[in-house]
Amino acid sequence: MADELRFPTGLGTSDADSISLLGQDLAADLMGRVGFGELAFWLVAGRRPHAGEVRLFEAVLVALADHGFTPTAIAARLTYLSAPDSLQGALAAGLLGGGSRFLGVTEDCGRFLAATLAESSGDDVDAIALDAVTRARAEKRFVPGLGHPVHKVEDPRTPVLIRIATEEGLYGPHLRLFEAIGRVHPQVLQRRLPLNGAGVCGAALADLGLPVEMLRGFALLARAAGLLGQIAEERRRPIANEIYLTVDRNAVYEA
Amino acid sequence: MADELRFPTGLGTSDADSISLLGQDLAADLMGRVGFGELAFWLVAGRRPHAGEVRLFEAVLVALADHGFTPTAIAARLTYLSAPDSLQGALAAGLLGGGSRFLGVTEDCGRFLAATLAESSGDDVDAIALDAVTRARAEKRFVPGLGHPVHKVEDPRTPVLIRIATEEGLYGPHLRLFEAIGRVHPQVLQRRLPLNGAGVCGAALADLGLPVEMLRGFALLARAAGLLGQIAEERRRPIANEIYLTVDRNAVYEA
Amino acid sequence: MADELRFPTGLGTSDADSISLLGQDLAADLMGRVGFGELAFWLVAGRRPHAGEVRLFEAVLVALADHGFTPTAIAARLTYLSAPDSLQGALAAGLLGGGSRFLGVTEDCGRFLAATLAESSGDDVDAIALDAVTRARAEKRFVPGLGHPVHKVEDPRTPVLIRIATEEGLYGPHLRLFEAIGRVHPQVLQRRLPLNGAGVCGAALADLGLPVEMLRGFALLARAAGLLGQIAEERRRPIANEIYLTVDRNAVYEA
Amino acid sequence: MADELRFPTGLGTSDADSISLLGQDLAADLMGRVGFGELAFWLVAGRRPHAGEVRLFEAVLVALADHGFTPTAIAARLTYLSAPDSLQGALAAGLLGGGSRFLGVTEDCGRFLAATLAESSGDDVDAIALDAVTRARAEKRFVPGLGHPVHKVEDPRTPVLIRIATEEGLYGPHLRLFEAIGRVHPQVLQRRLPLNGAGVCGAALADLGLPVEMLRGFALLARAAGLLGQIAEERRRPIANEIYLTVDRNAVYEA
């Protein structure tokens, strides 16, 4: 039966003399010749991106890498304070906050746009957007990518990412629908909300043809770099203990 | 007292109109202008790397991204099988294997080389290497970076990374000492072991001036990309259930 | 403003001379006087359970503690192999598999039963069950707690837990509805499926008045004990490396 | 070759009609008849504890379950705020703080006591303690279990656990040596430090014959119950968002 055990993979394999990754010779063909963001795209999408796709993709990762003292950054710092012997634990703790409320928006928005496009027909993108926002409102669902707690008028990342996508010829149906939602939603919601950065990143990743079910993964990869920065700064200039003491000192017992 | 609460950071901050990262305007100065690997280096080191440093740094990340069906890759796939609703959990589970035995070698090697250089004097690097290996042997400690279970003669990543470092003018004392260890260790250990890829990556990261206490973090960042590739492949072509059943079917009860 | 910082809690607080937990003196009133399962119930429910409730609750934890070589147990062992320096990482990796597919059934079943009861009226529990199963079938949703890959006829945990609940006077509406589902589902699904152990545990926890949103947490607590057993056995009698090699040896590259 | 695949275990196995755990029939012999703490001991130690051992063991778990707003509790709450869809992620994030600095003391103390006893001879426990503390001081190592940031004079858990161990006839060499360290250390350190609760728990677990390499695991199991209490309270009376905003509002950019 073991003869029948087969675990197929298109990723990495190796033998005594060589290491293969994605069908390439890792040492001869990839190291020093492919960028890290480029490789990450290739690993997930199963195809090598061209230079313009790499630029847009890396712009998304840069946009999502660090957002200051987010709950995930604080959790990573507190975990590092508590278990400095396990850097991987502090990084993992930070990434575990990458769920529905914070880092999830990128994927939620990409999924929402893709699902809307899948069930729509016709070229009138504003009509498609209006219908999607109206249905979401009727079902009391949020429209992912709309609104931001800090950037109440405009999220500065949004126009920049749209410009980069346009420059690289990668402005596609998801970004187009996302911008349409930005135009039409006030008719339904009776107020104008900004298109947020996490949402536009999801739209751009979807236009890059990346699987929407994996979009959260790219937000996590970007955040992994940001969390390493947070942990490195915690080593140089610690604040986690002060955060802990601030909470502990102000604890009040209430049955 | 809250007036006195101060949580300093040199990373990200934002206000209603702008997002700042590393003292730069994220949207205007970083998105589309800085690569993801470049930003990761900057976030941890606190300084922007030049082009040659980026090439070497990304070559290291590429070298460490995926090693096929490692225990960490299998753990991530099994966790994804068990909790497909939580991509962050599967990624975190995989990263939690980044400890002393597998991903730790990069950091262990960088620390070993840095510590040896710190306590050594003189220019005779072979003598320094011989002394370091002899002491390690006497104390029954492994010399990190020596030997590989598969690449018993040569690890193909090692010469390539040394060549890239040399091309970029970044061949420094850590790589020099690492190569010296490769020359002299047979005198002590009575057999020739290859300089492995994880070790040469640690030496290169140390020559890049990155803090040795953070080297494991770069291995984790690289592996995060590899694990996303593993999870994406698990979605397309699942094997985790077959791995689980292979173990379960061959379970034997022994008191 | 710090004067206004208030972080209320009904759990633990301490001062120089005493430690308080749940409003009790930890050392004087709890240690040696309250069992661990009893405390876990108290911590989550906010009320101390009586002896019968403790017996049923601990029977649930015992039922869920270990199920042999599950994906979570294998992931914990592989993580321990890879990072033996971080027991917490191996345990966390195992728990991260406690998601929708495996450990989630306990919570899913409790939620399903509670939601069905909330929207039903009348005393005819078989009619309520029949309606719930019929609607689930119509909406192509699984009925949580029905069926088991191994125990195809009967899950031995189910009658025992129902007996214990009855003995302790804790057989309530959730268990009653769960048994009704066991009686009526063949009329809808055209085959008889067993009421599985994870599901009956969810029904029993719901009858204990525990919040359904926390039921997965009790499955995780139970599994934490099982995973410690797996890790302790991995120390005494390792198999993770053999699992890893079995997968690696049978890896087949396919583009 | 598959014929040769064998994965031995003394824990759980099952077939169509029965589930076996630790060689017992789970449903018939364990559910409702063995306590949860008792089972956790049995799973790790491989032997069933007697009633007195269970009482001492559960007293340790109760002592370690929750210590209020520790960094691990705050990390779990912040992770739950950020990813409420993944209770297992919040629990895992909290447990990942169970490293060298906080939860590690229990294991560190048990290891220190066991190692000291292993290399000592004679019955004069105070002399053994004095020698151990003197050597630790000379090597600039902390003596695990000495001192507490809050309980500067006495940790209330310590005398209670010693009393329970004595009542149950389980006061053994580790607790005896720990108390001796409490008597003699001022001669070496020139000040009197309290024997802390985490340390006495480690000593008691070691006297219970549990493997010292697993002691951290029991602290993690205890903390898992405390973290569930923290998460349940976070649901009822949230504070994580206020903690996050307190940090974010007081962030100060410094290059």
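All chains are identified by letter, namely A, B, C and D, in their written order; residue positions are counted from 1 within each chain.
Criterion: a residue touches a chain if its C-beta (ideal position, glycine included) is under 8 Å from a C-beta of that chain, and two chains touch if they have at least 3 such contacts.
Everything quoted here is computed from the prediction, not taken from an experiment.
> Return the chain whose centre of C-alpha atoms lies at maximal distance from the corresponding centre of subunit D.
The chain farthest from subunit D, judged by C-alpha centres, is A.
> Could you classify the subunit B-subunit C contact as same or different, where same means more than half of all interface residue numbers appear on both copies?
Both copies, subunit B as well as subunit C, present the same residues to each other, with over half of the numbers appearing on both sides.
> Report which interface contains more C-beta contacts, comparing A-B against A-C.
A-B
> As a quick test, compute the distance in whole Å between the mean CA positions of subunit A and subunit C.
A distance of 31 Å separates the two centres.
> From the mean C-alpha coordinate of subunit B to that of subunit C, what's the distance rounded to whole Å?
About 37 Å, centre to centre.
> From the C-alpha centre of subunit A to that of subunit B, how far is it in Å?
The separation of the two C-alpha centroids amounts to 22 Å.
> Spell out, as numbers or ranges, the residues of subunit C touching 2 or more other chains.
2, 5, 7-10, 13, 68-69, 83, 85-86, 88-89, 92-93, 96-99, 103, 239, 243, 246-247, 251
> Name, in rising order, each residue of subunit D that touches subunit C in their complex.
5, 7-19, 21, 25-28, 30-32, 34-37, 39-40, 43-46, 55-56, 58-59, 61-63, 65-69, 86-89, 91-93, 95-99, 103, 150-154, 156-157, 159-161, 164, 197, 211, 213-214, 216-218, 220-222, 224-226, 228-233, 235-237, 239, 242-243, 246
> Using the touch rule from the top, collect the residues of subunit A that touch subunit C in their complex.
Result: residues 2, 5-10, 13, 20, 23, 83, 85-86, 88-89, 92, 96, 246-247, 250-255 of subunit A touch subunit C.
> Considering only the defined contacts, which subunit D positions touch subunit A in the complex?
1-5, 68-72, 74-75, 78-79, 81-86, 89-90, 92-93, 96-104, 239-240, 243-244, 246-248, 251
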